[in-house]
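As written, the chain order gives the labels A, B, C and D, with residue 1 at the start of each chain.
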Amino acid sequence: MMSTYYAGLLADVGILLLGALSVYIILATGQLSLGNAGFMGIGAYLTSYLTVTMGVPLTLALVIAAAASGAIGVIIGFPALRLRGIYLAMATLGFGEMVRSFFLNFDAMGGAGGFHGMRHVSLGYIWTWAAAILLLVAILEHSQIWLELRAVRDDETAAALVGLDTTTIKVGAFGFAAAVAAIAGGLFAHHHVYIEPGNFSFERSIDFVLAVILGGSTVGAGALVGALLLVMLPEHLRFLADWRFAVFGGLLIAMLLVRRQGILDRSLFRFFEFRRSA
Amino acid sequence: MTGKQQPRLEAAGITKMFGGIRALNDISLEVLPKQIVGIIGPNGAGKTTTFNVITGAYRPSTGEVRLDGKAVTAEPSHLIARAGISRTFQNIRLFGDMTVWEHLLVAQPHSDFTLRRLLPTRWADPQAFRRAEEILEFLKLADVKDRIARSLPYGIQRRVEIARAISARPKLLLLDEPVAGMNHDEADDIRRLILTLRDSGLSILLIDHDMAFVMNLCDYLYVLDFGVMIAQGRPDQIRSNPVVLDAYLGHAT
Amino acid sequence: MKSGLSRALCVAGLGALLIATAGPGFAQQADREIVLGAIVPSSGPFAEWGRANTVTLQMIEKQINGGGGINGAKLRIAILDDATKPAQATNNLRKLAGDDKALAVAGPLTSSAAEVTFPVANEMKIVATSQASSKPGVAKLNRPWAFRNTIDEGVLGRTTVPYYKKSFNIKSVAIIFDAKDATAATVGSRIMPALMKENDIEVLNASDPLSFNTGDLDVSAQVTKMKALNPDGVVVSADYSQAVTVIREMKRQGMIKPVVGSTQLISSAILKAAPEIPIVAPATFYATMKGDKPEKFVNELQPLLRKTSGLPPEIEPSMYDANIYEIVSIYIDAIKATGVTGKPEDLETDRAKIRDYMAKLAGFPGLGGPIGFNDDGDAIKAFYILQGESGAWQSKVRGCSAAPGHPGC
Amino acid sequence: MLLQQLVNGLTLGAVYTLIALSFSLVMGILGVLNLAIAELFMLGGYFGFAAILAKLPLPVALLAGMAGAALVAAVIERVGYQPFRDAPVVTPMLSTLGFSIILQNVATNIWGSDPLQLPDEVFGARFTLGPVSASAMQLTIVGATVVLVALLAFVVQRTALGRALRAVAENRDVARLLGVSAGPLTLLAFMLSGALAGAAGVLIGLHYAAITPYIGVEIGLKAIAVMVVGGTGRIWGALIAGPLIGVAEVMTTAYGGSQIRDFVVYGLMIVILLLRPQGLLGGARTEQGPRV
């Protein structure tokens, strides 16, 4: 029987995994988003509104919130086409802060005082979603559309010239990622049964990116490894007392120095495949 | 070149301005079905610009591009590609960490957005899968199928790029300096490949500096200099054209 | 070769991850011991509070064990840092309750953490008592296991505001609050406006709330706007470290008006910001408090705090140190009084005994007077309206958080 | 009140300009978002405080803050940027995030999390002109900002060093061909940027007279917005964008509502990004940044 402490940590891992996957999906098209906590916040508030105020069952509420957030993602995706690289990252950062600022002033759902009334969900429920979406991403990674995503990331011009519709691909990735982030938000709200705007800050967006990059940004499973690492590592540095987070920061840098491509990467998978067939 | 045959590609009166500079000035050219046409000219003559206008990367200031009689001027690049024009690049542009096989798969044409594309490639479109296998055989790339394309020798990278271009099932193939930087044997390989492609029904428009290569290969030539079309004709006509000799061979040595 | 090395490192990394996820072993103690838990923010923006709390807890542990322990058993207080992150606080509670088998938990400190940690306390059926959360209604939502050794800000304000009105002849105020801090925002946007209305004080910016965000350096625009309204006084609803910024700016702009606020203002730091601006705020404890108990507490704790590295040399015991001291003292009293065994097989009944003792508690001798808990889980205890004058807090009014005549006071 | 608010906005704008400049030095030349700049700013503040508390004059405090922050920036460049110079830009960004975490926590361990306050205002004298009043420190900040921007613009535009920096900014490979060695230059860019952040920390820390280890976080995000609005490639851009954002923020607080302030500021940033991705003063629209 797993201790409830680990169950709690694993719930955090599942939620962080979904957030990280949402960054991973956008990153697969070569775009960096620093504002996915914004989509997460939209998902958290919308799901909570649906379950608490409207009495909608949670699973349905999550699906609705994902669809709504996905639509917002698509709307954001179009202007985002005009921006590249670090400039896009900054625009998304601004988007995330705007969402947070919006909920801070959204008195209908508590504003700064936060919002209550959600029913606690089990670890199993969280991981059903997390595993299902991880599996979905893993299947998609072998699909035609994912090849197209990678082509767009590598060379947009060349991709267009072999007939790939780069606009639809990039905007679609934004929408899908926004939907996944919204599910992370809905689950977060129903795990902690309380949300406030501060939960969806820049810091959380950065955590998503960190999980993807540390775990490995070329395979979806990297997000899982990264999420595990980010949740578990600080817990296991507790013996350092006051120096815990300073050392944590140092370890982050060290990990990047040793494996800048992240712990998992595609060549590693090939390596194991090769071993299997040999 | 007087037949009544419908040209595969027609570019009519193309002018392209960059700021105040006239990069292309009233260029017209055509490529007939199963024809190999070359564009030659010194550096900066506007050859690659012409390619960019044809493939939709640049919108021409005036003029029209027609494929099989249908205007495609300044359509989005991917629609032009789907209509039947593929190209390669002077500096090879392969996709980052994709294998050769993935390059062939990604370029296969698909009927627009269908849910099948979300399936693993093998099931998404079995026909595309088979076509990609055929191209792999045809271009003798089967040995390097699972290698990362960018890690291969230069000559093979060229072949991968051409393979990717023909995977999109074009009617017209644009090749931007296909033998640049190649030794004689490699260049000859490419020459034979281009001829085979032509025989299989493709029209080909190519740019190159290597006069011998172009003269040997092309059915028809256009000569550009400073954005102006200074001559056109069969290779033997061009070879003896005094204007060309003066403008092109003169300062290109 | 290079890729081989890289792979090896990667495999090593995965191995390390597995080990990391497998979890540290828990030391087995031979002696019978009574385990209590504590959740404090020892890193992050409130690190100083958490670290001072830690010193306080270690002091109690030493005192109790030096005096022979509890019913013959040794006291162990497992202290976990939540880094001022609510999610970490919930996992801390799960660890203390599930792995460390603590009988009861002191903490978490902030209201944001309490909001998410108290539901876990109910889920795991263990008493959790916050030492600082004062956002209205947080424990009330999470009965019966959640308690707070603090008084609801709404109750405190009922005494603070009339005193403030009388002392400074206040007829109008402007309100400014930290919009990012859930407690401060609730007090600033709901509680204070209602209290001002009750006391016939006009809120000049009632239709146009003035706020800033935690971490903002510059509040000059807000202060200029307040100054233009020309109120008799200013309500600053913010944690003291943020309030310092506002009060400094008021001084800079020459707006010397009396300030009133919640318990969040109480600290010695805020008095250094602008000694010429009088500050009125409620507290249940302050370092210069008179009386045997509080003086003994300060005399014992202060030297320990001052020799701890990572804390400023001039630090004084805070209200939250006193609160957490009282919380643990109440737990120990409960354990002694109700026959808690501390044996693993009795864990559930032991925890329930502590809860029932807490719910019925009245007249526990706290540092500032008797302590009990009301039906909402909040403390019934004495409080003092403090006024900051020339760098020190002076007690002006003694109040109690229960209806007049209640035996708790 | 309008005029007084304008003064408030300009002071805040000057503050933003200084920090935005240190972001844009590294961003413009190397295309890297150095997230630790917020903490260099914080460190500068603490060093400046230490100097002032030791009764040293302001210029010495300023130098101490600049030198201290520049040294730390040098370490960040060697450990956190140099090994990742060929990696996608997100990687060095995250390694600087690692430094930001380290610096915040080390500062907490050294100075505590409570605000460190100066007993008195430095340069507390006030000048009053009609309805407007400003402190000497406010004027010093605005003045120092203009001087530092001018100095930086001079270095970047007019000196050999600046030409080399711009060459690297334009194209690393070409710069190498021209015999400009990028290594020492990136170190210099980081140190210059650190020194600017340190200077900002000293001035701003002394002005507000209360600092904490987390002082850089909020203001750092705003400074990034200012950098974007001003254009990452232009030194003068920040001088316009800083006061623009500062005044917009102050005016929103004064006449709109303080609640919607952040919404307005980040909204403004996004609109400008979309309309003029190269910033207000940017030149022709070029390739908008390296791959992530």
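To be clear about the criterion, contacts are C-beta pairs under 8 Å (C-beta built on N, C-alpha and C of every residue); 3 or more make two chains touch, one makes a residue touch a chain.
Keep in mind that this is a model prediction, so the values were computed, not measured.
**Student:** By C-alpha centroid distance to the whole-protein centroid, which chain wins?
**Tutor:** Per-chain C-alpha centroids compared to the overall one single out A.
**Student:** Provide the C-alpha centroid distance between chain A and chain D, rounded to the nearest whole angstrom.
**Tutor:** Here the centre of chain D sits 30 Å away from the centre of chain A.
**Student:** As a quick test, compute the distance in whole Å between the mean CA positions of chain C and chain D.
**Tutor:** The separation of the two C-alpha centroids amounts to 35 Å.
**Student:** Just how far, in Å, is the C-alpha centre of chain B from the one of chain A?
**Tutor:** Measuring from centre to centre gives 41 Å for this pair.
**Student:** Using mean C-alpha positions as chain centres, tell me how far chain A is from chain C in Å, no decimals.
**Tutor:** 33
**Student:** At least two other chains touched by the same residue of chain C: list those residues.
**Tutor:** Only 43, 47, 179, 310 qualify.
**Student:** Give me the residue numbers in chain D that touch at least two other chains, ranges are fine.
**Tutor:** Within chain D, residues 105, 108-109, 259, 262 contact more than one other chain.
**Student:** Where does chain B touch two or more other chains at once, residue-wise?
**Tutor:** none
**Student:** Which pairs of chains touch each other in this structure?
**Tutor:** Chain-chain contacts present: A-B, A-C, A-D, C-D.
**Student:** Inside the complex, what are the residues of chain C that reach chain D?
**Tutor:** Chain C reaches chain D through residues 43-49, 179, 208-218, 220-222, 224-225, 228, 241, 244-245, 248-249, 252-254, 267, 269, 272-273, 309-312.
**Student:** In their shared complex, at which residues does chain D touch chain A?
**Tutor:** Counting only chain D, the residues touching chain A are 27, 31, 33, 79-80, 83-84, 87, 89-91, 94-95, 97-102, 104-106, 108-109, 221, 224-225, 228, 259-263, 266-267, 269-270, 273-274, 277, 287-292.
**Student:** Flag every residue of chain C that touches chain A in the complex, lowest number first.
**Tutor:** Per the touch definition, chain C meets chain A at residues 3, 6-7, 9-10, 13-14, 17, 20-21, 23-24, 42-43, 47, 51, 80-81, 83, 86-88, 90-91, 94-95, 97-99, 112, 115-116, 119-120, 123-124, 135, 141, 179-182, 185-186, 189-190, 310.
**Student:** Flag every residue of chain A that touches chain C in the complex, lowest number first.
**Tutor:** 3-9, 12, 104, 111-114, 116, 120, 192-194, 196-199, 225, 228-229, 232-236, 238, 241-242, 244-245, 255, 258-259, 263-264, 267-268, 271
**Student:** Sort out for me which residues of chain A touch chain D in the complex.
**Tutor:** Spelled out, the residues of chain A in touch with chain D are 27, 30-32, 79, 82-91, 93-95, 97-98, 100-102, 104-105, 202, 206, 209-210, 213-214, 217, 242-246, 248-250, 252-253, 256-257, 260.
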